[in-house]
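Each of the next two complexes has chain A plus one more chain, namely chain B in the first and chain C in the second.
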Partner chain A sequence: MTAISASAPAAAGRVGGLDLSGPVLAASGIFLAGLVCLPIGWLVAYAFSSRAGDPTLSNFVALIDDPTLFEPLVTTFGLSFCVAIAAAVAAAPLAWIVARTDMPGRRVVRMLMTASFVTPPFLGAIAWEILAAPNSGIINKIWRDVTGAEDALFDVYSFPGLVFVISCYTAPYVFVVLSNALDRIPADLEDAAGILGAGRWRVVVGVTLPLALPALLAGTLVAFLQAMTLFGSPAILAIPAGFHTVTTKIYSLFQFPPRPQVASAAAIPLLTVTITLLWLQAKLLGRRGYAVVGGKNGEPRLVALGAWRWPVLVLALSVLCLPLFFPYAALLKAAISRVPSGPFDPANLTVENFTFVFFEFSQTRVAFSNTFVLAIATATAGTVLALIVASLAARRGGFFGRALEFLATAPIAIPGIVLGVGLFLAYTRGPVVLYGTLWILFLAFLTIEMPAAFQQMRAAFRGLHPELEEASRILGADRLATLRRITAPLLKSGVIAGWCLIFIGVVRELSAAVMLSSSATKVLSVVIFDLNESGNLGAIAVIGVAMLIVTFAVVGFANWISGVGAGQRLRTG
Partner chain B sequence: MKARLIATLAAGLVYAGTAAAQGPVYSITPELEAAAKKEGNVVYYTSIDVKVAEDLAKAFEKRYPGIKVHVERNGAERQFSKIGQEYSSKIYNVDTVNSSDASHFVYWKREGWLAAALPEEVAKVYPKGSYDPEGYSAPMRASLSVIAYNTKLVPASEAPKSFKDLLDAKWKGKIVKAHPGYSGTILTATFQMSRDLGWSYFEKLAAQQVMQVQSSTEPPRKVVAGERPVMVDGNEYNVFLEQRKGAPIEIVYATEGSPLVVGPSGVMKFAKNPNAARLFHAWTFSQEAQQIAIDDGGLRSFHPGAKEPAGRKPLKDIKLMKEDPVSVDKQVEELKSRYLRYFKT
Partner chain C sequence: MSHLVLQGLTKRYGNQTVLDRIDLSVTKGKLVCLLGPSGCGKTTTLRLVAGFMEPSEGSVSVGGRILSQPGTALPPERRGMSMIFQSYALWPHMTIFDNVAYGLTLRKLERGETENRVKKMLGAVRLEQLADRYPGELSGGQQQRVALARALVVEPEILLLDEPLSNLDAALREEMRFEVRRLHDEFRYTTVYVTHDQAEAMTAADTIVVMNHGRIEQAGSPEEIYSRPRSGFVANFLGGANILQGRAVDAQRLDIGAGIVRCAEPAFSAGAGGAMSIRFHEVGVLSRESPDALPARVTRQTFLGATRDLSLALDDGTPLRASATPDLAIPADARVWVVLPPDRCRPVTV
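== the complex of A and B ==
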């Protein structure tokens, strides 16, 4: 199929109706381009404008000259670097254990690690406040009681504290990328090394690890980007410690008196670094090809751990305490306590957090309904869009196919807060004022979350043999009918996975939402953020837990429909 | 006690002068009630503690069934930014507003964003000089920003007596403080303290490794939780609320004076529910509502009929710093940038 016939839909006309794929392709292309170009265009325009609207470089000069702007920049890169290292160090052994050893409970560990991905990082940060605030934190209290020490074991309101908490919620990214790659490393290469006389560990060090290295680096880059663009965790933990990161600084520049020009300029480094690193990541993952060459030649060999099986399981479970068991226990405790980190005694027990959230707080219902309406709408629209684009791109190829593919992936390079700023600038003025409506949030979420679903879908399409589709086309179905009747059912599991990814992504999104939601369009993440600023931790715990229950229920339901286990979901991604 | 409060206010005051024009005055009539019920909703932006705000809303809904109050609680400065963004984008979501930074009303009035709506009760019984005679704002509540400490962690004999005491090396790493970029109470307090104690006070305080939180409702919670034993600023009313729950926290009224923070309310010009807004606005100034604010909210009131519960130190016995919203309005950028310079956030 050539690009020429793609742009000439009339030529494809025949009895039974037109082949609409040409116009659909053009429409999706324009829509995708608009999604990205409009906010980023405004952002760049603002970054190079003075307050009066004249072109200037002064915003960038201020970025370097003004220490209150420059320091956050330095802090942010230091932070991201530390997080990337920490996440890789924590996730790599775990991924290897889960993918390549015979540790008991491998599947459960893998599922739990993936489940920690569902936890919104800001909720994790709040839970860690309850656990490790230097004086009132549960862990530090226990530490003092047990050792009699004066100093805290761990202060979450500090640079290392922030690195630790962010790492807890970025390590799953490294883990998923790496464990998937390890799954795909074929056994023959390892066998060959074995036959040539290498011992078991020599095979691991000499063959398996080098083959997995590109994936490890790619995962680490993702962790770096996550840390660099997160807003919630630094807002919750860095401000009390007395420092800013770029994201919290950008947010504060919108407080009165607002300085959107400087804020836009401060967003530009985030954007350029993200684009550069993603380009690097694509190169690295491109090399992964040689690891999969032998693709289906054999099951990967599992390393027998022998007597170490149980100690290793204990180790894996203790790693899972950090992002999962401890924070959830802390939230559950806070939900039923007067003083969230107070002692475990009946005097501290209360139901007042529940009565407040469900019967008194007027934002509960609005925020729940906004969040889940948006999550379902975005997931559905995003999945449809991703499906259309992936199918056109996969089956058509050529310049237009590649361009479309690029447009659908490009938003990944836009950090949430940057997109938030861009959309805010684009839609708080005429002709289309979307600020104050759910539409602006819908656009933001669609832009941010769709690429992940698209990648999921593209991977699914690549695994699908075109013969079936060709048969359908030969029998007279047009391209869209083929998509509907043949391709889509075959792709069901990929589609559901994509839908769930967007859904989860929307529920946990804060950095764009905090810029874009107004009082009538509050979402849960923003409500939780607001409550944190006034110190209502008990109410946050109740809302947070309720939000996770609904999320798991919806995801569970979606999986139940598709009839495939949740553990399979994210593995293709 | 009232006399003292009024004198304090009148001194810094904005609304001194004639109250001749009675144009904006309105009362709660059956017609207003009916029109408000027809609207059925009122959107209330406020910076009061969220629980206190919801309590007031519930009391109003009980008094006027059929009208739902939508409480949108945020720190006064955050709320100020939000309203600025919304009004500049012609989004008129807010019906009536209450802020712990009185200078906001100076700004909104100048921008023409407020409606002239002076509840009859305010015009009749509230002290002259406490409200805007043109009807753009009136003092719904007052509170102080106070020092407080955890009585389990600090014996009374060791407790600080003044702001200056907190500069002692023994308090290093032990102080929690709220943020003037978020909280109107703290912005107001920062202005008064920088005027009366000098900016050098904050410069030295910043060297004490204070824990920086956002809302003025939060320091009392951090003190009660034992996260830090003492707070240098924060709401007096939240301390009262914690004390009522039996929490180990005690107030210190600093010898230099405690910042007085008045929280005015106003009706927005482009309110979508103008009648419900006026009804709710008028009701919050009634003796009934003011008593709820005092009893359940721990606030101070300008209503001469409202009674302070026993056990709270009367305002007349407390040395106060003076409010001056007009100067705050002029100096807000300077205040924020100075603060940023010393405290880094």
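== the complex of A and C ==
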């Protein structure tokens, strides 16, 4: 037997007395390192070379000197800042209401808010085009009809429009992080303040909110990062409005005439800021104050809203209109209308969009199969990889275990478009040319989505007390029997959740896909993006809704599998 | 007849020795308690016996057969032992019945037989009605009894318990202490029980092994260890005691600074340092001067119901604790005289 730590004997990774964990550790370490280092290496190399290939700083000078390059940088940070504030302002009260008051239907509100996660941001942006384009947008049409005004009520093709639409789809991040934190604030901390004479609202303002503050900040940081690295929404809304963000600028620098060196240089600030902010977030969540939020001190005490219960519910539901009800209504309407924003009358009804998408449009079938083949392959490979790394890290520990953990989480800091550029540069030339194949998309999706699944798996492993396996061993089960009868069943729900996370992530991924897919390897997100450029909103609505239905079906199926043999309660005292 | 024998058992991590040459033999059917503060090596000893680790030196043998020695360790599943874990380690995805039946299904018992034995065992721990529940639905005490049932139902050759009661509240812990002893009297398995709680050890054990810093300080019956502690650590850890240090006048007498104290048992060598222990309730407290009594001052007194706890200071400032009868009401700062009876003063090593 090799070195075994005191708290965690090597339970996994041994077959028939042979310790395989060393080689597996090395192999997964090399693979993960390659996954990250190759594209980022090329990106950095390009950023510091001239067109002829000589080392230079001129690309960075251009970034500052050339206003068409510098302005997007300023816009991006302004945008991210506004989005972060807007998302926090919208999500924080809602999270508190859902977690800490007796509002009727708060479970449903919470579920719906979480469900709006699944909406790909680019689809949301397109839905808001249908709703609030200055001339044809449904809301603006109604506004003009009702008031007789000349001007639009709200122009989605503008900086505020972009802030609004992105906030709709980043607020759920703040909401989820914050409401989970509020759930875990032990009631006795609040009771302690109550007993000292603080009134109900004093307790909320003086105790609950400060305790939830780290979570609020962390969620707001995520919203900031999302806004900064998003490609779809700005490409759809900002370009028609005549301005660029960094991501759309990078994309356009790859259009004819391509300037990959400058594009690489433009990606560097994005990468740097992301890494810095994620580091900051880890510090925030890792601080001791946040650890208080995690006790098991009974149910949180709910604030009674009294007569305000129903008005508050109406408020919550009207907030939900923005990311969820209005956009989906618009999409469904567009799917069955000749003119997406036309009036609600039978003359405007049609099945043309369906026939076009499913029988005439040649890319549909290819894109559907590409998307779901990639999603299933990535989810499966990513889950296996995450599982191996998580088990090695959990049961082995030490320097190599930690290094492996770091490598598996590192890609989270790489924005999709940056990874897209890096992979494009790495695999359009020898020795391995992957551009034009599904493999390059597979690598991109694996890199982007695996970390989230890994974190899921790591949490599952940490929740699995080593004594659960040891109890099986001492009662007479060998390693394999223990793996089969104890470890695997206990990890199952974590594994399925990780798989679903990757699957959903792949289906909605656009920013790397748009850089890396070619005509034969189009995926649904890219097809929707292309159709938006040609203005075919009805077809987008059909594809978008079909895409969501298939996604929900697959996720539902995966959860159904995990639910077979249900009745388990995954908590020990 | 020794059943479980540990011989020179040593465990090192790098250059840190957590277990240092442990020798211990356990007679068949007896319950041995490994007692000590956290980090004393008691859990390491248990895990070495279970086969979750391999010793750096020494051996573990059962019935004359060596199970563990450096380089080879029979895997835990082939030792015919059972273990009860601090976290109970009940499998949350199995019912109580399935948890208890697990070990029997591995032994490929007939279904009817398995069912009978599980039912009987659940009866023994008084949980028949909960067979179809899941562990998450049970209280801590009930989970603890499931863990006991699961370990006992396979009729192990040796039963190991790792701080089994430390997650329970005080009242339940007291009840379960007797439960453990009752089940041991019923089934008579050779048992090694690890705990840091002296009351648990006193209730459950045939033999107590007090450990400290990876070594055995003293082993013996509860009475033996309590009434004749060999070291200051043992006296303090088990029951608590005053430890008085000083310089030996002769084989029996110790000059502790505030006066001369006599031990009935000759153990000191004149001129050398020495120490003795005396239990709190064995210190006699008088309100007037008496030959052989040392003058002292009361620094604090606390009424505890059955006793009165006195903190005293001898004339040179040496602190001394005494537990007197509750009706002895002496105000703080009062002058008293303490009697240290020679037959209660026991020479100890420090």
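One rule holds in what follows: the second predicted complex is superposed on the first by the 524 of 573 C-alpha atoms of A that agree within 3 Å, B and C clash if a C-alpha of one lies under 4 Å from a C-alpha of the other, contacts with A are read in each partner's own complex, and residues count from 1 in each chain.
FYI, contacts are C-beta pairs under 8 Å (C-beta built on N, C-alpha and C of every residue); 3 or more make two chains touch, one makes a residue touch a chain.
Being a predicted model, the structure only gives us computed values, none of them experimental.
In the overlay built on the shared chain, the residue A:Ser136 is in contact with chain B alone; chain C does not reach it. In the superposition on chain A, contact is made by A:Ile474 with chain C only, not with chain B. Look at A:Ile239: by the touch rule set out above, it reaches chain B but stays clear of chain C.
Legend: residue contacts after superposition of the two complexes on their common chain; A:Asn180 is shown touching neither chain B nor chain C.
Judged by the number of chain A residues each one touches, B leads among chain B and chain C.
Of the two partner chains placed by superposition, only chain C is touched by A:His465; chain B is not. In the overlay built on the shared chain, the residue A:Ala520 is in contact with chain B alone; chain C does not reach it. When the two complexes are overlaid on their common chain A, residue A:Thr56 makes contact with neither chain B nor chain C.
Residues of chain A that lie in the contact sets of both chain B and chain C are absent, per the superposition on chain A. Remark: chain B residues 43, 45, 49-51, 54-55, 57-58, 68-75, 77-78, 80-82, 84-86, 88-91, 93-94, 179, 181-182, 209-215, 217-218, 221-222, 224-228, 245, 247, 332-333, 340-341, 343-345 touch chain A in the complex. By the touch rule above, chain A contacts chain B in their complex via residues 68, 71, 133-136, 157, 239-244, 252, 254-258, 338-342, 356, 360-363, 366, 428-429, 433, 435-436, 518-520, 530-531, 533-536.
Contact residues on chain A toward chain C in their complex (touch as defined above): 1, 4, 6, 9, 465, 467-468, 470-478, 481, 485-486, 489-490, 567-573. Touching chain A in their complex are the following residues of chain C: 13, 18, 44, 50-54, 73, 75-79, 81-83, 85-93, 102-103, 106-107, 134-140, 143, 150-151, 154, 160, 167.
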